[in-house]
Amino acid sequence: MTEVKLEERLITCIASYLDDCPHIAVGVISPIPGSAAMLAAERQGGKVSIIGSDHPKYRCDGGVELFDQAGQGRINAFFLSGGQIDGQANINLHGVGDYPEMKVRWSGAFGSGYLYFLVPKVILFRLEHSRRVFPEKVDFISSPGVSEPGVHRPGGPHALVTNLCAFSFDKAKGRFRLDSLHKGTTLEEVQDNTGFAFDMPEHVPQTPEPTDADLTLIQSDIADAIAGPYPKFARQVFGKAA
Amino acid sequence: MTEVKLEERLITCIASYLDDCPHIAVGVISPIPGSAAMLAAERQGGKVSIIGSDHPKYRCDGGVELFDQAGQGRINAFFLSGGQIDGQANINLHGVGDYPEMKVRWSGAFGSGYLYFLVPKVILFRLEHSRRVFPEKVDFISSPGVSEPGVHRPGGPHALVTNLCAFSFDKAKGRFRLDSLHKGTTLEEVQDNTGFAFDMPEHVPQTPEPTDADLTLIQSDIADAIAGPYPKFARQVFGKAA
Amino acid sequence: MLILDPTPIEAHFLRMTQYLNSADDLAALIPDGAQVAIAKPPLSPTAIAGAMIRRGIKDIHLITSPTQAYVADLLIGGGCIGLVETSGVSLGEIGPAPRFVAAVKSGALSIKDSTCPAVYAALQAGEKGQPFAPLRGLIGSEVLANRPDYKVIENPFEPGDDIVLLPAIRPDFAIIHAAKADRFGNVWVGGRHELKSLAHAAKQTLITVEEIVDEDLRLDEACAPNLISGLYVRAVAEAKQGAWPDAAPGHYPFDEDAVIAYGAQARTEEGFDTWLNDHILPAVAAE
Amino acid sequence: MLILDPTPIEAHFLRMTQYLNSADDLAALIPDGAQVAIAKPPLSPTAIAGAMIRRGIKDIHLITSPTQAYVADLLIGGGCIGLVETSGVSLGEIGPAPRFVAAVKSGALSIKDSTCPAVYAALQAGEKGQPFAPLRGLIGSEVLANRPDYKVIENPFEPGDDIVLLPAIRPDFAIIHAAKADRFGNVWVGGRHELKSLAHAAKQTLITVEEIVDEDLRLDEACAPNLISGLYVRAVAEAKQGAWPDAAPGHYPFDEDAVIAYGAQARTEEGFDTWLNDHILPAVAAE
């Protein structure tokens, strides 16, 4: 058996947070979450929609449908990221420094200002686990992690998966809890590179490695499927042509 | 030249109120207004949309588009009728007696509760000119003829054409003004059969008879065109098959 | 060949589209008292309506998007409807809708009168998952005066400018007849975009079609932009002539003679019962 | 052969769709200071954007529906844009949009940040001619805190429930690139339903297409449900490769290499100017 790739480990880790999600939506530049959504859907049955995909099986009915579905309660899970993500799961997609003439300016909120409120299980995903990315407090709240009582918010953060580890989010406490460390990561490494305080169990387990069945699925069906919407990723990680 | 039919007279009379209307919309059970719209459009150039038509040239893009166009200000004229129409141009499409368990119940408002407010030139049309149809006050205001200052109302009643005569509507005064009597109608006949007071010029002219050019158009191009959306009417009035 | 080609067992497990045998199987999913929305002709869901009558469903809150004709009258005459929310019910050129008129006059049927774009806008608000939609017009009408559920607010963007807010409509069920469905729950509606909004707004959608086709309609570029996706469709059944006497464009035209006959016959309760016996109730025996 | 087949002279008289020779002719219709809306890729209106730069249009209020990439960055770098209203501008997988980032940081470009469904909902309110649209979400974000034009009201249907109201967007111009138009002003947009909403919301729409076809697209049942009607379209011009380097599905794919090159080159103003000289300004000479 060849060595498990980080991407494969992340795919199965994210998929483990997607139980009971018959409809999972994915942004177009998220190949690892996209693969995880496909893996979860393959295990459970279910549908994956990919924003901006022109693949007949994953595409949405125009640009608006996916947001409408979120409003209807028909999307169970979605993925977001952030230039910064803080300990209350506030995400910053706008930049560093004082708004609007920021020192560093990022792209903007995209759909987060809505989907983070409406989709029950939002998985936050970031491949750079550092204090720069995970500060105590974001510079700009593109979308808040928790809302005041009374704010209509059926959705919100469910987990945060990084290159080092996986957290779940406790909405009542408004805090992350460290669930598992990816193979090769130490607790100290996570603590050193995280700018916010988080909860953890007495013993932090290792993130389960992908099973052989998962790896087979990922390397065959999912690699084939991902080559449509994410050709670059499929090429680089699985050596697949579109 | 054969005798001018009442329908032809009404078609040219209504068309005379449709100057400068590049887009005229028509409900599906209004063949005389529909023909008038086509005549006006043929004279001036312009577009006719017919609610519920499946004719590629007249149909709307689904059921919603026409109402959206009215909201956008993209419809210049529309036609309404009423079981009752009163002197302030209030229309009643709901019935006679006390709402909701009315003595006589009609169909309901259809689009009038919106289009009467939004379309600049609404032509009211009714083939039964009687005190029953034109009372001083309607039993139920399905849609009002005039609105309080401050109510957003770019549209409203422009004219009322009946089997006897044609009125225009003075929005400032909130009153009809008798414009012309159709051939063979007397002023007394109109006065006897109208339950509301109205203004009139010192001398009420006769409604202009259709010109030969109008009649030729009506009996050829328009009769052909009308046979699509209004087969029954085209059959009965022009002897045309769909 | 991933997730989107589920086996029937997977589809069932997922609450994805079920394929049932008949309109009666669809009607069996609708409980008494449900909010049920139907669109105007053509493509009225006549087959399901007949099955609802056969089943004796009661106290339905019927929403017409935005008006209706024969099918609403049939459901009302058939005793299924407690409340109708509509912008108009009539048989069009043919005349009044006799059972609707009789039931409103007698008070047997409660009514919420509206106007077409208000029904559309409220369904579109439901489709978006928003709680309400603003709509121009209506102010000063007795339609508005009789809709305490419609609110008038001052436009927050323009002082002194009043505007109506309509509460969103999210029907328990949309029932729809369409030309064709595939085996993945996708139903083609052509240019009837409002049928998509209806299905999107509804919690569940039940659909009869003239034909179930084998190819995946999402792969047909001419059909793909005009589908109700299987995600919204709880169940589909084939029902040929399922819109009769209303038209199913491309399959059959409006049967004007039938509706003229209905309009005359249904003027009396007895005549209506005869119509039911002749046209609606036999379908059970035929199974 | 009635009204809907106007001669060119009638069409002009009617202010119906004009057929112009080039994207430059379209850009000539846009005055400085206009509100201009463009959709996200694919089918970005690159040819018109290039013509706007060649013409030296200034102070445009650019609205992206709901996000943008290369074309917005190009217009910003080209000096056309005074204010951008957007849910996001980036080159996607390729990286940041360099001229956008530089112009926001320097304060040369004013920005109204939003979130995708808010832009869509505000355009749909414009399409319906309603003054505003409600939208869930946003509360507690600094996006909302920086949009004084967004209002928060208490939902009149549910005490204590706050909700955002977005003012409707009715751009002066929508500029769109599409695969094909007919000679009656109808433009086929396939499943890009939001392009219809954009054209409906805009006061005027200017369109480039890969191809102008002779048949009336309203008569083609596969195309008819997915047209922007000529009623909304002020002018059309053919512009082959008019979306390049973005994709025009069915005609050409996304030119990833070109956008990678652009992303690298446009990091400096000089590099951007070279890009303009190489790819945008020559079109004038070519005429």
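Letters A, B, C and D name the chains as they come in the text, with residue numbers starting at 1 for each one.
Please note the rule applied: a contact is a pair of C-beta atoms (placed from the backbone, for glycine too) under 8 Å apart; a residue touches a chain by one contact, two chains touch by 3 or more.
Treat the numbers as computed from the prediction; the structure is a model and nothing was measured.
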Intersection of contact sets, chain A vs chain B, gives C, D
When B-D and B-C are ranked by contacting C-beta pairs, first comes B-C
Per the C-alpha centroid definition, the whole-Å distance linking chain C and chain D comes out as 36
Indicate the whole-number Å distance between the mean C-alpha point of chain B and the mean C-alpha point of chain D. 39
Measuring centre to centre with CA averages, how many angstrom lie between chain A and chain D? 30
Could you pull out the residues of chain B that touch at least 2 other chains? 61-62, 67, 70-71, 118
Hunt down the residues of chain D that sit against at least two other chains at once, touch-wise. 128-130, 135-136, 161, 163, 191, 193, 224-225
If each protein chain is taken as a node and each touching pair as an edge, is the resulting graph a line, ring, star, complete or other? other
Each pair of chains that touches, named by its two labels: A-C, A-D, B-C, B-D, C-D
Chain B residues touching chain C in their complex are 28-29, 52, 54, 59, 61-64, 67, 70-71, 93-94, 99-118, 140-144, 147-148, 150-152, 232
Give the list of chain C residues in touch with chain A in this complex. 1-4, 6, 10-11, 13-16, 126-130, 170, 196, 200-201, 216, 218-219, 224-225, 227, 229, 231-232
Contact set on chain A toward chain C in their complex: 22-23, 38, 41-42, 44-48, 56-57, 61-62, 65, 67-74, 118, 221-222, 225
Counting only contacts in the complex, chain C reaches chain B at residues 39-40, 42, 65-67, 86-90, 92-93, 96-97, 100-101, 104-107, 110-111, 113-118, 120, 124, 135-144, 146, 160-163, 191-194, 197, 249, 256
Quick check: in the complex, which residue numbers of chain C touch chain D? 121, 125, 128-136, 151, 153, 155-158, 161, 163, 165, 167, 190-191, 193, 221-222, 224-226
